[in-house]
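What follows is a pair of complexes built around subunit A, which joins subunit B in one and subunit C in the other.
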Partner chain A sequence: MLEIDALAACLSSPACLVNQTTTGLIIGMLLFLVASGVTLIFGVLHVINFAHGSFYMLGAYFAYTAYITTGNYFVAAAAGALGAAICGIVFERLIISRVYGQNVLMQLLVCYAFILIVDDLVKIIWGAEYLSMGIPAEFRLPPYRIAGGFVPPFYLFMVAMAVIIGLGSLWIVTRTRFGKIVRAAAHNASMVSALGIRVQLYFAALFGLGCALAGVAGALAAPVRSLTPGMGLGILVESFIVTVIGGMGSIPGAFLAAIILGLTRSIGSVGFPLFVDGAMFMIMALVLIFRPTGLLGQGTLR
Partner chain B sequence: MNLLREFRRDIAIAAVALLVLVAIGLGVDSPWPRDFLTSFFAFGLLAMSLNLLIGYTGLVSFGHAAYFAFGGYAFGLLMQWNGFTESLGAAALPAAFVAAIGGTALYSLVIGAICVRLTEIYFAFLTLAFQMFLYSVILSAVTITGGDQGLMGGIPRPPFLGIDLADPHHRYVFCAVVFMVCILIMRVVTESPFGYTLRMIRDNAQRAAFLGVNVTRVKLICFVVSGSMAGVGGVILALFTSGAYPEWAFWAQSGEAIFMIMLGGLNVFVGPLLGAVALRVLNDVVQMYTSHTEIVIGAVILFVVLGLRRGLLDFALDWWVERQQAKLAATNREDDKR
Partner chain C sequence: MTTDVILAVEGVDVFYGASKILFGVELQVERGRTLALLGRNGAGKSTTLKAIAGIAPPRTGTVRLGGVDLAGSRPDIIARAGIGYVPEDRQVFPLHSVEDNLMIGAKKGPQGQDYWTLATVYETFPILAGMKERRAGLMSGGEQQMLTIARTLMGNPEVLLLDEPSEGLAPIIVQAIAQLIRTLRKMGVTIVLAEQNMHFCLGISEDAAVIDKGHIVYRDTIQGLRANEAVTKRYLAL
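Up next, the complex of A and B:
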């Protein structure tokens, strides 16, 4: 099961190390974007959006269509984010907002229903076959060579985008007026609405923001992964693992955990290819046993 | 003996139900009712065992199909292992049955020990995560489990004690008896003092802890019992299909089981069974008209959850209670007039 030789060979060769680290980073960044959306929505609205993977999928498909029609990747990425945000707001207003404060069972069921419907709709609109977008024209440049390893420019763009968007959403929530109102409403919604603020609008907007993060992740993933109905589930489960390891409600924690998981995945695929999933779950179980609040969690939410 | 006396009504009902099921299966000439009912036994056990967690204990598990699949795969793999069947001879099948349930119990003990301490939301998504882990193990361990093709080559079913499970009639009666025994066990669990402890934990875990209940331990026991019962369902399905398939461990299977409970009714013991039948019928009917069953099922779920807000039997129960109260009020009014 363990391929020590391959692992040692990779760790001692700078080229392989660079390749695996960049792969790990882009996996980690996608996870981070999805997980920070989950954690943002949970932190404020106290619902777990089990349908979050669907917004990742929608973002990817919207970006695909926008790229095919316009040929511009930046437009495509924006379309992915915006489309996911709009779908998220509709989902929040029509469905999820009706089960706020109810037990988890109801939230789970409506999310399950939503996943079924969206997966089937995607199948009807885009077909059940694998779609692939390919590296967009803007990024068809020769890869950078760093210490013998190859780093495609698109990977750098992905990492930079993820970091900027992650920092941006952290800034929105902690520093802006919008973030302050939303956080206040999370503590005491009736008090905030008594101050003349339409709390529902803010909740919907925040839900949309969380879904936009998933949509961007989908749009960023579209060129490097194949698109298929049901693609959201894998990343949803991994982003749950990220939130558990990083600590629920902590965006920096999600960042740290996402990088740990991404590197585990990429280096593990060399050293223990059959045990990559197992390793992720082992890390999660260890965190749960020894530090149940997560690496950077505040520990009050559980 | 005490148990027999206390539950004699339930035992009598179960015996009558079993007779009816056997009569339907053996009396009708076509295999259709037998096949329908056998898969109903399997999924009914899945839903009923999940309701032990969700309805009685308030533990919303989103990964219950993992134990269902584990039971099925464990049973299938043991029966396909030549060393096992040869050394045990005629006793191989019952031994594999018991070992599969025991293995499922052990597996749910490990997962449960990690999960039951957590709050609702963590519990729901960790059970989902562990289920997807099992799913990915099944898919990647191609040499053992056959990967996405499932456990191929058929599961041998050697006769034991005069019971030949390769014969569809024998198999049907065997599955019906196993199913009924499991339902009875769950009935005993839910109506015993232990079952009331579960309800107390659901309603107020802190209070239960103050009264000296070891909440974590009780939850864990319930988790293991429920996991094992789901494992029995998996074994029945493996016997029936003579194989085991990765879809059994897929998250959608768990979602379906949760919906069966919701559809049938959370607060009535046999609600999940009605839900299992209703969902199956719904599926079959929708499939006659369109291949996009998922959209329709999704819409029905939304309607039941957001519109009715309770299951069919819950609805019936509420209606009955309301009618009784209305009657009572009416007689009271007449008395006042006089």
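Up next, the complex of A and C:
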């Protein structure tokens, strides 16, 4: 099972290391964006958005259509984020807000129903077959060569975007008036409301922000992965693993855990190709045993 | 009486689940005056304030602020209409700094009043000015009490509901809070002060109402109440 020779060969070759690290980083960055949405929403609203993968999918499809229509990838990425945010706000107001504070099984059922409905809507609108966007025109440049490895420019863009957006969300949550109010409301919604603040709107906006993160991840994934109804499920499971390892409610934790998982996936595909998923779950199990709150988690958003 | 009633509560019933807590509560508060709402533990003082603030919405009855009925509205609408509520258990945002706590409460009053800002709050509450960056959860009980009052004032309310501001605090802090309430009164803030301790209210409020088992049983000036031994003995256990 363990391909020790292949693993040793890769680890001793700079080119292979560069390639696998880059691949691991982009997997990690997509996971990070999706997971930071999950963690934000959980940290404030104390609800696990099991439907988060659907917003990743919607982001990818919106970006695809916007790219086909405008030919501009930056417009497409914005469309993915904005479209997912709007769908997220509608979902929050009309559906998920009705099961806040109810048992998790109920929330899970509601989200699962939503996932199935959205998957079918995507089939109706975009069709059931695989769609492929391809590397956008802006990034059809020769790859950078680093130590013999190849790094496509679009990968660098993905990593940069993920870091900027991650820092941006952290800034919104910790430094802006919106973030301060939302964190206070996470702690004591009725007091915030008694100070004249319409807490429900803030909650909806935060949910929209979380979904925008999933949407932008979908938009970033669209050029490098194929689009298919149901594509949200895989990333949902992995982003939960990231959230658990990083610590529920912690954006820096999600970042760290996403990089760990991304690298496990890319290095693992060389060294233990049959046990990549197993390794991810093993890491999660170990974290849960030795540090149940996650690497950087404190239980709630701070 | 031709008076300027700013807050009028009429026939307010409040239920927690199936149990009835308030029975047709009636209160009138005149502009610029302070009403002490007195009663024993569990008499319904806190619930009355919560009913006015919309946190424990009345099932029946009206809560009129300047003639507009707010009963049944959301707490944030009531707060923006000009009612500022200070809860008894302080409820600071413990992980936020003092200044962030204040900023979360910041808004203009319903007529655009903007007297209370960080600057005026720090002037009135010098103790807070010295700990702007401190996490509210790390403050003493008295400091937290000052902060909750200041935080609500940042919203420039027309009527301030204070729920047992002296509860559980050292005598010297209680003195400081009493002094603060007198200052606010001089500035023309209308106050409803829920209290168990009549003596705390003596130098602070003009009017008094006594609540017992969810009914308002007595209304007078605070001096009138003080002189009425039958009432104070029966309802206030002094």
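One rule holds for everything that comes next: the second predicted complex is superposed on the first by the 298 of 302 C-alpha atoms of A that agree within 3 Å, B and C clash if a C-alpha of one lies under 4 Å from a C-alpha of the other, contacts with A are read in each partner's own complex, and residues count from 1 in each chain.
In the analysis below, contacts are C-beta pairs under 8 Å (C-beta built on N, C-alpha and C of every residue); 3 or more make two chains touch, one makes a residue touch a chain.
Since the structure is predicted, the reported quantities are computational estimates derived from the model, not experimental observations.
**Q** Of the partners subunit B and subunit C, which touch A:289 in the superposed model: first, second, both, neither?
**A** first
**Q** Mind working out whether A:35 is in touch with subunit B, subunit C, both or neither, as first, second, both or neither?
**A** neither
**Q** Between subunit B (first) and subunit C (second), which does A:48 come into contact with in this model arrangement: first, second, both, or neither?
**A** A:48 contacts subunit B only, not subunit C.
**Q** Just subunit B (first), just subunit C (second), both, or neither: which does A:194 touch?
**A** second
**Q** Which one hits more subunit A residues, subunit B or subunit C?
**A** Touching more of subunit A: B.
**Q** Identify the partner contact of A:81: answer first if only subunit B is touched, second if only subunit C is, both if each is, neither if none is.
**A** Touch partners of A:81: none, neither subunit B nor subunit C.
**Q** With the two structures laid over each other on chain A, which partner does A:106 touch: subunit B (first), subunit C (second), both, or neither?
**A** It touches subunit B, and subunit C stays clear.
**Q** Identify the residues of subunit A that lie in both the subunit B contact region and the subunit C contact region.
**A** 302
**Q** Contact residues on subunit C for subunit A in the complex?
**A** Touching subunit A from subunit C are residues 53-55, 74-76, 79-80, 85, 87, 91, 93-96, 100-101, 103-105, 107, 151-152, 155.
**Q** Where on subunit B does subunit A make contact in their complex?
**A** Interface residues on subunit B, with respect to subunit A: 54, 58, 60, 62, 114, 117-122, 124-126, 128-130, 132-133, 136-137, 140-141, 251-252, 255, 258-259, 262, 292, 294-295, 297-299, 301-302, 305-306.
**Q** List the residues on subunit A that touch subunit B in their complex, please.
**A** Its residues touching subunit B are 42, 48, 50, 95, 98-99, 103-106, 108-110, 112-117, 119-121, 123-124, 233-234, 237, 240-241, 244, 248, 274, 277-278, 281, 284-285, 288-289, 292, 302.
**Q** Residue numbers of subunit A touching subunit C in their complex, please.
**A** 177, 180-181, 183-184, 187-188, 190-199, 302
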